[in-house]
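Input: structures, listed below.
Look at the two complexes coming up: chain A is in both, with chain B in one and chain C in the other.
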Partner chain A sequence: MAKMKALVCRECGKEYPTKAIHVCDMCFGPLEVKYNYEEIKKTISRRKIEDGPLSMWRYIDLLPVEGAATVGPHAGFTPMVRARNLAAYLGLDELYLKNDTVNHPTLSFKDRVVAVALTRARELGFETVACASTGNLANSVAAHAAAAGMQCYVFIPGDLEAAKVLGNLIYRPTVVEVEGNYDDVNRLCSEIAAEHHWAFVNINIRPYYAEGSKTLAYETVEQLGWRAPDQVVVPMASGSLLTKIWKGLNELRALGLVSEVRTRINGAQAEGCSPIAAAYMEGRDFFRPVKPKTIAKSLAIGNPADGYYALKATAESRGAMDMVSDDEVVEGIKLLAQTEGIFAETAGGVTIGVLRKLVKQGIIKKSDVTVAYITGNGLKTQEAVIDAVGRPVRIQPSLVSFERTFKMGTTGGGIT
Partner chain B sequence: MPSLRFHIRFPENKIKEPIIYQIGHEYKVVTNVRRADVRETTGWMDVELSGDVAEIERAVEGLRKKGVLVDPIELNVVE
Partner chain C sequence: MIKVRIPTPLRPLTRGQGEVEAKGASVAEVIANLDSIHPGLKQRLYDETGELRRFVNIYVNEEDIRFLKGKETALKEGDEVSIVPAIAGGR
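So, the complex of A and B:
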């Protein structure tokens, strides 16, 4: 029997075949993959996983594809870094960083979801893939499509800065610049996906695409020696990543691969775009859409598709949410780089900033085993820190200048 | 007949207005509400509009002019 049972509506529970559809015909609720866990349980084991490839595909039994991974074979299984310096700074005993700044091939967690989406799209008969994106997603779709020999279309708003586009063009996708703003591109892509048989990874392939994020939960548990952490801090854009980490942890428990899950799922947003965190902090079970205004562009989703479900997951796990200012985002990026040598993009600054706040508030306790998800590489958003990192020390090309600058004696020595 | 699906959100001062009824009369579109949550201070609806595509687009513009937020059913898809 197949491991995928059906697509199921998250609202009314109606089931659909596992095709390229994403909205329930009945109630318009979002669809997600329903698995045949009884069947999966018969063959899955820690040993089987450990003997698998050194990529996220070692968890293929829990991913929504029918055959082998045909796209993105090297995505995932990124380092779990024991962050001793940052832990000491924050006053924690055991802190880990799930380091997706080095994810293959485009240095963000999007490589996980895109590898699943394109593998599934190909299984469904698509040779052309598309996405609507202003950053990491476009990068990942274009790179994976190039390697897989698939046609790729990336839709962007016409008012997007040139630098953002350049990183995608190197892979030779067709970049479609829509004469309009973010909202216009958003609406158009939804309409194209509804009217034409195209594989939009984050629209009609979304039920499969989103499942790729679960691998962050699986890897967390395996890399901690098959135990679930006490606390996790997850950056939120659409909210999907947070809900899938929660889903992944619960799947491992249900399958007996981890004995207990007491993990509290904490969400992080930037103040300039915090519809989900604001709802949590005001005790609402619904969020109000906002117009984003933050340097954390990769999290700038003002009307998040999974916002409601992220609130639900955080409540179920008894976690918390918080937000940080742009200045705190930059501080977070610097703190992470200067304590652990990891240069994260702005989303990482949001995560570290919120981690810091939650520790300060006593929500994350000293003895809690804590994991923070660092989802993208700082080389992608250097402009965010350019005015905050100081200047080089300038000297003349002479030994005298060197020694004077660093106050050294003639016998050498260190900086005084 | 083409149909498009939207998520519409009412600000507090528009909750009591029969906006869906008005749109169905002002434009040649069929309105079909499939899911909704309307409370004292906030409200949203998932609605299908059927008709000519150009007329649907005019109806969406009409909704916006009435002060209602209109998004595709998927909400934000640009990531």
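So, the complex of A and C:
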């Protein structure tokens, strides 16, 4: 029997066939994959997962595809780094970083969702894939489409970081730069998706695509020795990642793969675009859309599709949300790099900044086993830190020049 | 007249048309007028309390009406209204 039963509306519960659709005809609520957990439970086990491939596809039993992975076979199963230096700095006993800055092939967690989306798009017979993106998603869709031999259109806002624009062009998709912000791009793509028979990974393929994020929760539990952490800190743009991490943890518990889940799900945003965190902090269960203005461009979604559900997941898990300023984002990036040797993009700076705040406020306690999700690579957002990292020490190619500059006894690198 | 773009799920109510015209000085009036021409449309956009459903997004000339005056946003001749269900997205 198939592991996918149907698509189901998250608002009214109406069921649909597992096609390329994402909206409920009746109430416009988003659709989600409904699984046949009874069947899955019969075959899944820790042993079977541990014997699987060293990628996120070791959890294929819980991913919305019918056959094998045909696109993105190497995505996921990134390092879980025990962050001893950062933990000591913050005053935590046990801190881990789920390091998706080295995800394959485009260095962000988006490789997970795209592997699922394109595998599913192929199963549904699509030859053209597309996406609306703040950068990382476009990079991943473009790379995977090239490898899969699919036609590709990516739509991006007009103000992206240079590396993220180049990181599309190199794979030779059609790159459409839209004069507007991400929310404009997204709205436009929703309208284009209605007129063209393309697989828009985060629109009509979204019910499948979004499920790929669950693998971050599965890997977290497995890499911690089959235990769920006490606290997680997750960056939020649309809010989808946070809701899927919560879902993934609950699935593992329901399937008996982990005995208990008491994880608090904490959400992180940048002040310049914090519709979800602001709603949490003001005690609202709905968000007000905003016009983004932050260096954390990968999180700059002013009208977050899953904002409502992210608030719900945080409330259910008794977690918290908070926000940080652009300066704190830069500080967070530097702190992570200088304590753990991991160069994260701005979203990582947001996560570390909020982690720091939550520890300071006593919301995350010293003894809590904590996991922070580092979802993208710093080499893609160099503009954000270029004025904050100092410069090299310049000398003549002579020993005299070296000695004069460093005056024996001094050690170490650049002037900061 | 105001031009209104209709999303796929509502097109069965507009005999398949993706773009229709309606009269009204505000978004709410246009929706009421549309409902008189294409019965059932209003019920699909509003919840039981008479508010726009959570996952309905309406734009006037590309601007989200939540940045304007919601469904009371004023309209004038030549304005374009776009109804987009469940804005998806995610980076």
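Note that the second predicted complex is superposed on the first by the 391 of 416 C-alpha atoms of A that agree within 3 Å, B and C clash if a C-alpha of one lies under 4 Å from a C-alpha of the other, contacts with A are read in each partner's own complex, and residues count from 1 in each chain.
Throughout what follows, a residue touches a chain if its C-beta (ideal position, glycine included) is under 8 Å from a C-beta of that chain, and two chains touch if they have at least 3 such contacts.
Everything quoted here is computed from the prediction, not taken from an experiment.
J.: Where does A:191 make contact in the superposed view: on chain B (first), on chain C (second), on both, or on neither?
T.: both
J.: With both complexes superposed on chain A, which partner does A:2 reach: first (chain B), second (chain C), both or neither?
T.: Neither partner.
J.: If you stack the two complexes on chain A, which partner ends up touching A:210: first (chain B), second (chain C), both, or neither?
T.: In the superposed model, A:210 contacts chain C only, not chain B.
J.: Between chain B (first) and chain C (second), which, if any, makes contact with A:399: first, second, both or neither?
T.: A:399: touches no partner chain.
J.: Which partner chains sit in contact with A:379 here, chain B, chain C, both or neither? Use first/second/both/neither.
T.: Neither chain B nor chain C is touched by A:379.
J.: In the overlay, answer first, second, both or neither for which of chain B and chain C A:303 touches.
T.: A:303: touches chain B and chain C.
J.: Mind working out whether A:389 is in touch with chain B, chain C, both or neither, as first, second, both or neither?
T.: neither
J.: Please work out whether A:291 is in contact with chain B alone, chain C alone, both, or neither, and reply first, second, both or neither.
T.: Second partner only.
J.: Show which residues of chain A both chain B and chain C reach, each in its own complex.
T.: Comparing the two interfaces on chain A, one with chain B and one with chain C, the shared residues are 11, 22-23, 26-30, 110, 132-137, 182, 186-187, 189-191, 194-195, 200, 202-203, 206, 237-238, 286, 288-289, 301, 303, 305.
J.: Note which residues of chain B are touching chain A in the complex, please.
T.: Going by the criterion above, the answer is residues 2, 4-5, 9, 34-35, 37, 42, 44, 46, 48, 69, 71-79.
J.: Which positions of chain A touch chain B when the two form their complex?
T.: Contacts found on chain A: 11, 22-23, 26-30, 110, 131-137, 155, 157, 182, 185-187, 189-191, 194-195, 200, 202-203, 206, 237-238, 286, 288-289, 301-305.
J.: For chain C, which residues are in contact with chain A within the complex?
T.: So the residues of chain C touching chain A come out as 5, 7-9, 18, 44, 53-57, 59, 62, 64, 66-67, 82, 84-91.
J.: Write out the stretch or stretches of chain A touching chain C in their complex.
T.: 11, 22-30, 110, 113, 132-137, 180, 182-184, 186-187, 189-191, 194-195, 200, 202-203, 206, 209-210, 237-238, 240-241, 286, 288-289, 291, 298-299, 301, 303, 305-306, 308
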